[in-house]
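Read the structure below first, then the notes.
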Amino acid sequence: MRAAWRRREAIEGYLFLAPAVLIIGAFHVWPALYVFYMSLFRWDILQGAFLGFRNYEHLLQDADFLRSLLLTLVYALGTVPLEMAAGLAVALVLHQRLRFRGLFRLLYFLPYVTSQVAVALVWGWVFNPSYGAANGLLASLGLAPQHWLLEPGGIFAPDAPPSLALAAIMIVTVWYYLGFHAVVFLSGLAAIPGDLVEAARIDGASGLKLFRHVTFPLLSPTTYFLLLIATIGAMTSFNLIYVMGGGGQSFGCAGNPLGTTQVAALFVFDRFWCQTELGYASAAAFVLGLLILALSALNGRLFGRRTVYVG
Amino acid sequence: MWAKRPRRLLLYVAMLAAGVVIAFPFFWMLSTSLKSEAEATTFPPSVLPAHWLFGNYLDAWRAAPFGRYFLNSAVMAAGQVALGLVTSSLAAYALARMRVPGRGVIFGALLATLIIPPEVTLIPNYIAMQRLGWYNTYVALIVPFGASVFNVFLLRQAFLQLPGELYEAAVLEGCTHLRFLWQFAVPLSRPVLAIIALLTAIRAWNDFQWPLIVTDTPDLRPIQVGLTIFRSDVSTNFQLLMAGSMMAVLPVVVLYLVTQRQFIQGIARTGIRG
Amino acid sequence: MVHKVYALFLALLLASCGPAASPSPTEQPTSNATAAPEPAVTITFWHGQSGVLGDRLNELIAKFNSSHKIQVQGAFQGTYDQLYQKIVSAIQAGSVPDMAMVSGPPQTAQYWKAKALIPVQQFIDSPDGFTADQLKDFVPALLNDNSLPVNGKQTLVSWPFSKSLALLYYNPDILAQAGVQVPKTWEDLKAALITVKSKTTATPLEYTPDVYYFFLPYLWSQGGDALSADYSKAAFNSTQGLAALQYQTDLVLADKTAVVTQGFDWQNPFAQGKVAFAVSTSVSRPFIEQAMPSDHTFKVGMAPLPAGPKGAATDLFGNNLVIFAKTPSDHQRAAWLFMKWLTDTDQTVAWSLASGYMPLRVSAQNAPDFKAAAQKDDRVLVAINALTDGHGIPGSPDWQKMQPVLGDMVTSALLGKASPKDAITAAEKKVNDILAGQ
């Protein structure tokens, strides 16, 4: 009787899963497998000789690829914590009873709804070396003008990443995704049962204490989720870096200047679409994927266990 | 109480300052959309237009069949949202609340699909569209994005947070899974569903690459592809592009204003002091 | 402003379409008795023209469709890069269009290497094609630009359509103020920039440091070349190549007369009269004029690129047309007939006047509409006269891999990151690695 009921539940469960699994399987899993297949071949426009894992061996000795992995790490470390912290701060403030709360919520979310082409154009003006607002600001502070998106020199040391160009793109990234994090955090805050917070308050918790011991732990599913999504997003980040790094220029490919903004996804794009080495690029995409998987697992180990669920 | 007032004021000032900085590029878009061609490209740039050319919006609208492009974007976004809400609710519920053998493996496999950059899956997906006969149809614009791991993940978190007693009580009452999902889980997770709808719609609305690759005719192309009319390989018509982009952003802003009520409800009861 | 431009284009188009509206004898200049009747098929044409140019192209297509059994369906597929991506995807899926635009010889070489194309030569040699005499009406530089070595013989693989080339732009007011002439040689230009810097407040030169605007034309004008004739080795690490890199490094770092920009960013300051010289493609002019403030206009000066000891040289830009191998033969033939019609004297003049691209035929320069336009404004002729000095971008399928290497070479020299000698040596090694298949 109980076994029959379990079997019924299992069948029903599979039926529930079927639509999503079918769509994701057909349009995400199958392509990923196809990409893996491509990575085993020399594949220019057309499929060429079978290479086994030689594309992978080659990748590990490719200085450009290794640099792109380092840049990806720098980019992720420089953006994810910042955009999450800023997003959380904004969400906490906007979660309160506040005058003009609706207006503020809109202001902070505006970047995220704007198309990235427009974003790239507007920030391109801001960072324009001859007449941009960024150099205007520097001038009014009595500082020397900079080349911004054209500058391959590092901000900490001349040859160490991130270059000023990548740093400028990182600023834009934080600006762009802040609203996204704020909104998801807001929904997380809204999901926290009011009576729990009320009870804590009656017990005398307030301010920072309330946040540290009640709100933040209860928010942990959201935080964990955002951390995972943002890390994966940053590691595969392409669009903003491509349009800001001169990738969209008619004669350029990805990662100007001097490849200092060529993060892993740009490396993949460059080899895939600009240099038409489809097999080699697919191998690079797979290596990047495995790295992200490892990092996500680590992420889960570090943070996942501390996630607190109510109920 | 006295001590609170200046702090409060300071908070407003800080929020406003940060808001202005954050919204500045957006403001620049708006301002440029009302300038003349010469003024839009001048330097140093003017903050406000010398003459407010609202006619730019009319020019932009008339430059291409934008009515059709808006319709296509709306169909694409609405289709993806509707399909996405259904598929992810069902899947997330199964993963969170049902004893399905191997659900851990399924969930892991789904998560793993997030890690391959979409720039390389374009070719297999394009081939799939051709083989399925979906090339140059609305189906190609909707179905491949009709389920997302991101949404399943987010909803699963929400369903896991539903009080266990509620479910047990419902089961005792003889409530089926589908009914429980529909009558309790979905209404109680409205904030998350609203977020999913919003984020799916924004993604669909701003998508460019995929619709360009899988369609051939203006009849099926969305707004972001339509906006390319203002850019050529040697130049950009800034003020019309910005006017067009402002028109394109407007529906998303409205959608945000409508849905945000959903996901920030219940605030009155909580509230954290700053 | 836009209306003005639209109106201008429209006026030019109407003017040029006037006589052609009635069935004209020039429509089929090679109407050959042995040619088979025209196939009644619908063909697809993927292109990369949007905006005003897209409208003009659609009008040309509509004009063709109304007078032919062949029906052409044009489909805009994004920028040249996106068009390339879509064609590569389509080749994978085996679902190519009948014909398409390609941005230049390297892409053509890629498709050719993938056996995706049928060479246009096949149709030129057919009854639908041209006699040797008729072919002479096309500028030789353009035919070279569309030819690839096939079995050791130069063969026309693609067909020219929208062609432009690199020119020197100048602001005559600033030149007058500084008292300099339009430079004829690279040395003249260098000296003129120094004079402009000392006598005016203008920026002497703004340009985007990709390999096309200075390095290649300078190299060619010294008698050098980028690659060996068979595209098997790098040839730019030579005294000519070093001179080409040293020249622009001197302008930026020593003379400080040149400012480096990104993409087409230089157009706006130039339009506002703040820059004396710029180097760009011949189709930039309408965009500069559009961006000019109405209270401060000037006549945009255009001149051929400066010459070196071996004369002047410039690179050919724009796009060509190709026919795909995997479509039925009657479609291929229909595609060729459409291409041929597009480059008939009437159409090439109309397209040239509407778009700013060059007319492709010698006879076009004598066409009444074109003569009238040239009489009104002799700048129309600058690009055409420079056409004989045009060099195609090397038709190596690996050029797309070399282009960023050369770009980095120029950038690192201009930023003082490496000496020109070191930069060019490093680039040579990378290019040779690429050509050797690593």
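By letter and in written order, the chains are A, B and C; residue numbering begins at 1 in each of them.
Please note the rule applied: contacts are C-beta pairs under 8 Å (C-beta built on N, C-alpha and C of every residue); 3 or more make two chains touch, one makes a residue touch a chain.
No experiment lies behind these values; they were computed from the predicted model shown.
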Among line, ring, star, complete and other, which one matches the pattern of chain touches?
complete
Chain pair with more C-beta contacts, A-B versus B-C:
A-B
Using Cα averages as centroids, what's the distance between subunit B and subunit C in whole Å?
40
Expressed in whole Å, how far the mean CA point of subunit A lies from that of subunit B is 16
In subunit A, the residues touching two or more other chains are 128, 130-131, 250, 273
Multi-chain contacts in subunit B, i.e. residues touching at least two other chains, fall at 43, 123, 233-234
Residues of subunit C that touch two or more other chains sit at 79-80, 85, 88, 92, 269
Residue set of subunit B touching subunit C in the complex reads 36-39, 41-43, 59, 63, 122-123, 126-127, 130-131, 135, 209, 212-213, 216-218, 225, 228-235, 237, 240
Subunit A partner, complex, touching residues on subunit C are 79-81, 84-85, 88, 91-92, 110-111, 113-116, 208, 210-212, 259-263, 265, 269, 397, 400-401, 403-404, 407-408, 411-412, 415, 417, 438
Provide the residue numbers of subunit B that touch subunit A in the complex, in ascending order.
11-12, 15, 18-20, 22-23, 25-26, 28-29, 43-45, 86-88, 90-91, 93-95, 98-101, 103, 106, 109-121, 123-125, 128, 143-150, 152-154, 157-158, 160-165, 177, 191-192, 194-195, 198-199, 202, 206, 208, 224, 227, 233-234, 236, 238, 241-242, 245, 248-249, 252-253, 256-257, 260, 263-274
The residues of subunit C that touch subunit B in their complex are 1-3, 44, 48, 50-54, 75-80, 82, 85-86, 88-90, 92-95, 264, 267-269, 271-272, 280-281, 283-284, 287, 290-294
Where on subunit A is subunit C touching in the complex?
44-46, 58, 124, 128-131, 149-150, 152, 246, 248-253, 256-259, 270, 273-276
